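Presented sequentially are two complexes of chain A, the first with chain B as partner and the second with chain C.
Let's look at the complex of A and B:
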């Protein structure tokens, strides 16, 4: 058997741990349809095509391909791939090479307000992507320890935004004030229970389920968030304080989280909060709930909302 | 099948298992267990009265559990032989069947399994295949979503003799589906389950799609595929016809099926590779075209029949191109999907080929084998002295050596193919191979290394590959060092370590140890025996402090003449790279060790005589007068 002596782009990708076996891809498209990015965000997103570009030495195209930058390494595709290619590993390898070549992520990432940041490091612990790290920096003329976010790593899930005790981190569109504003919108006077739903952008795979959400009257308010890890328990408490009867937080099933472990972070926080309320006032338990919707749970959101409304109605009647 | 059962020379033994096979080609003894049917075959006339009165209903596995059957049953109405069987797991012993049978008196609950030994001259294995269970692929929801069915269930649903009399209905609401999706490669071409292509499924889904479309042209049928494989005669034309009929072929492997909880309709999520876009389409019913897999007891059968399994689990043929229906065990032949998944025409062709192969044995009085078989010197075998050994039996790829402590090892000549692995493995020179005896090979060794051995390259070549490789190098006029001296043996397994030691003792400059590539070995696993030994030798020589490269192991096929020439030239370079005085000194230092290691070979019978003969040969080559 003869081996080529020239180092191709594919060889460079293969040399990075995780980038192996890409030549085994036979373009079946399983990864593309398992992933939700193309359907929900970016029509040009296509891991299969990126692998092809790598194999055909289209370096420039591969580095500028949105796939390179948008994969959040959720690894839904990896267990589904019939060729056992670790696709997010391959994409990560391409991204690593792109960063080394000076390419920058086009994503708008989270921002840290240096003046508010105390350098506590909670964001470093909570981030699924190891994007923030603590640096010494001059703030207001003084040296201070603050968090700095690596723009090429941040996938903007917002888990750090929720975790920051000082509110120093913000993400455009779902910064703390944006969500508070949505919670505080006054609803019409109605006797039926008011329910606030925080829904993760990725937990509802199909458009039919999103239409279910729209089909409810205005006493059911829906706030879209990038990840259930973005939810701060204070938001749920604020909602209850401002006259809402129940809060439902909806994330992805364990292992299917779009941001690796955001759903676990959200689950810990909100489930704990729910249990606290239940124990404080068992008569009015179940006002804060956390549910995890899997990729095959088509239509389950309707059952969950109806069930919650029913129990809230019973609670009101008591 | 009915004709076969009526043929006087054919005995059909239904519900019978092969438990043991002994003997060899032409003289097999087969132990059969005829399972108790609780119905006496000679009395049962297949009228079915017993089944009518039986109160027990269980799922009918022949109908893919889509219909019931009774506890006393025939699998299907066309069963051959048409004799009823009692399913003892389901029977409640009400004995209504015994009453219904009446005067025929065919039902006997005291019946037991019957074990018999039969003689057979040849065995044809046609044990078929099994189906992959798609419920392990949670993404397709088989078992959870009622309207996801397998191809075999589809086969029963659109069969006019099936449970719905050919009316295609979907399980959730028994309505006729209007939109159907077929998903190919479920469990095949998938490294998570079965990496191989199941061969027949592409045509199978096209067949089903065309059948359904012809029955109801309004049906919307989509076939999801990765590649459509239509390699045989007329197949591509059939695929063309399917597209002309308006069947959609969507390239893209579905990653997910979701179900609408209300209507139980299914949504198939896939990428349409031509569009490069993710599509989600709604269907009433989805058929999973599941992979074929080896029978669950394939491994048991392979040990009963002493035949090998290929990596996928199917039985291994003797040669993938030239002898696809033979097994390495003479007299055992393969037919159909048990050897590898194949469609009906190929199965029929292989079946007929296997039958004629078997017929060749049955019609001849003698069985010809290669004359290079092994034979045991019983007085030298230590097993006869009650000591543990069995190395010969372990090296034999054909199971032709009967080894038992207390008795000398015995070679079943009819099973022996003559690789010589046992001969080389025997530490006591108790086995010899006709035409390749230790004495003969030693004589050749001494002859070729008689003069200036330190300048010679001694090449051990296996008959089937490396010898052919050297031959090809010659006929292709590839130049290689004239100092090479070749020595042919049947297989690399025959290349005794003693020969290599002896070659170095005689002062050979370099030794090449070459045979087939592992997968090409003519003697199934002979190369592995040889390769293990070669590895051990390499380490030994390293420890002895031999200059690197003087002993070389290379696997060279008969098509690699260029490689053979290159390897020999490289060996020549190794010799040229060592100063002659240093080489001579090294040979002298190592000689006592080599002598010590090769000492046993001199004890082999007739060695003295052979060496004497070889000396005379050398003398005559030098033009000396030799007395007869």
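Let's look at the complex of A and C:
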């Protein structure tokens, strides 16, 4: 009797760090209930299906299914999994094999404008997914060092878009000019303080929160961003200059960020911006705020907005 | 009568470094002076304000004006030179963006004077002395300029044709600009001159940051032995290079000191300080979110760091004084 030496799809996945816990899944589906992709983008999303495909050697199906590429490794499912499977690790291993086989992510990614990029490497350092790297490339007939984004890694959180000092990176819909355009929309004439809210599309409570926001009159304006890591303090400055009284940025609770570190990035930027306002003009501090809304924070946004409107009202009256 | 182009230089609220950069041209300055007439240069030549007043309007071909607008004399001469010059260049960081003196825009005039005349340890004057615009002497009244509440840029005061950034602009760029203007190579109005495309990082040869290489502790340049080969950001030191217009040739970086941002915002950046914190904020990283505040404390004096050379020209300044 001869032993089979065929290496299965599952063997290959297991061989990659992160993929080793494959068999432990007993398909309870708790991960699906936690998954933001399933809730917001693709109702049919189901990590269990991918695991099953790996075990059944359905290589082609696993590699070509768009949902394979959607996981942002936020790891909300990990603490919930009774089997302690790092599902994002398993999915990451499958992606890695797919890339090695020449498959490509179907997701749209951020774009680098080579003519603007100075090759500073800031995007390389800030990206939660190690997607950008620097390459030597011919730009305008000359060799130049520029950033190149790995399509298979980029999850389009926009952290690099905001961090890029030269505006060389853009993401469809939330490039700098898109946000400036939204800031510039004229508001109704109103005496009440005007508040601009940047809200993370992936915030766990965003749907509830948007319903609450609808109940406010037109002095509240909302701009959607893919992650609070996308916030550029310049945009808050431009908003205040255009006559808006306060800027509130809503990110996610630490550990609940869809893009790993985006909420920390947003929090640092707005905190530093707030410190600058306090230093420059202490009597009118508090015009920018960052809040982190977590699973437990049902309805909290209303209190935050009311509190901020109240302090802006006082500031205006002074 | 000579048909040579007429140049003027002036210094308003500045330290004199911009004058040094002209002198730094060395023998090239002699070459320039053979092709032009220098008609006004208070730092180096004996002309008076009355000489300028006596000129025809637009008689000066190019006036290089350095220094911000800190008092009424600065403003008066700015208006005079504007009237007498065909081309007015905001020369150096102070004229361009307010410069170091505009950091005082954080404070009102009285607290600034209190600090200077009463509070600083080296000043032992209990009489509460304040500079007076007019002092009566037995020979007659003497006057000093009236100090303004804040520093303004030249462009916030009069119409400016070009800006030439730098604290100071480096001599080689001054030379380039002289040659271009003498050759009649006049750029579009409002352009920045004496600069290179993109940001300082474009020209910087240091090893750039790697994936996920971030800042978990800020260090100030004097607190650390700086490596000469790698990007300052990877060493936890705030370097302004990525958010600064290229053109200086990196004298600071080559002397192993991080860029301070004196060449101002590159094209596409509306507020240099806000852009800097958008970049630096994204670099702060720790596995423990509760440590973020402690890390940020290491970003000492956010306004002074982010707007070291450009507070007067910032949106932050505009929001305070609107």
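The working rule: the second predicted complex is superposed on the first by the 309 of 318 C-alpha atoms of A that agree within 3 Å, B and C clash if a C-alpha of one lies under 4 Å from a C-alpha of the other, contacts with A are read in each partner's own complex, and residues count from 1 in each chain.
The working rule: contacts are C-beta pairs under 8 Å (C-beta built on N, C-alpha and C of every residue); 3 or more make two chains touch, one makes a residue touch a chain.
Predicted model only: the values in this text are computed from it and were never measured.
Bringing the complexes onto one copy of chain A puts chain B beside chain C with no clash.
By the document's definition of touching, of the two partners only chain C reaches A:237; chain B does not. In the superposition on chain A, A:264 contacts chain C only, with no contact to chain B. After superposing the two complexes on chain A, the angle subtended at the C-alpha centre of chain A by the centres of chain B and chain C comes to 130 degrees, rounded to the nearest 10. Touch criterion met: A:26 reaches chain B, while chain C stays clear of it. In the superposition on chain A, A:163 makes contact with chain C only, while chain B stays out of contact range.
Legend: residue contacts after superposition of the two complexes on their common chain; A:280 is shown touching chain C, with no touch to chain B. In the superposed model, more residues of chain A are touched by C than by the other of chain B and chain C.
In the superposed model, A:82 lies in contact with chain B only, and not with chain C.
Note on the superposed arrangement: chain B and chain C approach each other to a least C-alpha distance of 19 Å. In the three-chain superposition model, chain A touches chain B and chain C at no common residue. Looking at the complex, you find that chain A touches chain B at residues 26-34, 38-39, 43, 46, 48-49, 77, 79-80, 82-84, 205-206, 208, 295-296, 298-300, 303. Every residue of chain C that touches chain A in the complex is listed here, in rising order: 105-106, 198-202, 204, 208-214, 231, 233-234, 241-243, 246, 266-271, 273-286, 289, 292-293, 295-296, 299, 301-303, 306, 315-320.
Note for the complex: chain B touches chain A at residues 138-139, 141, 185, 189-192, 226-227, 251-262, 267, 269-273, 276-280.
Residues 116-122, 124-127, 130, 133-134, 144-145, 159-160, 162-167, 176, 229, 231-234, 236-238, 240-241, 254-255, 261, 264-265, 267-269, 271-273, 275-277, 279-281, 284 of chain A touch chain C in their complex.
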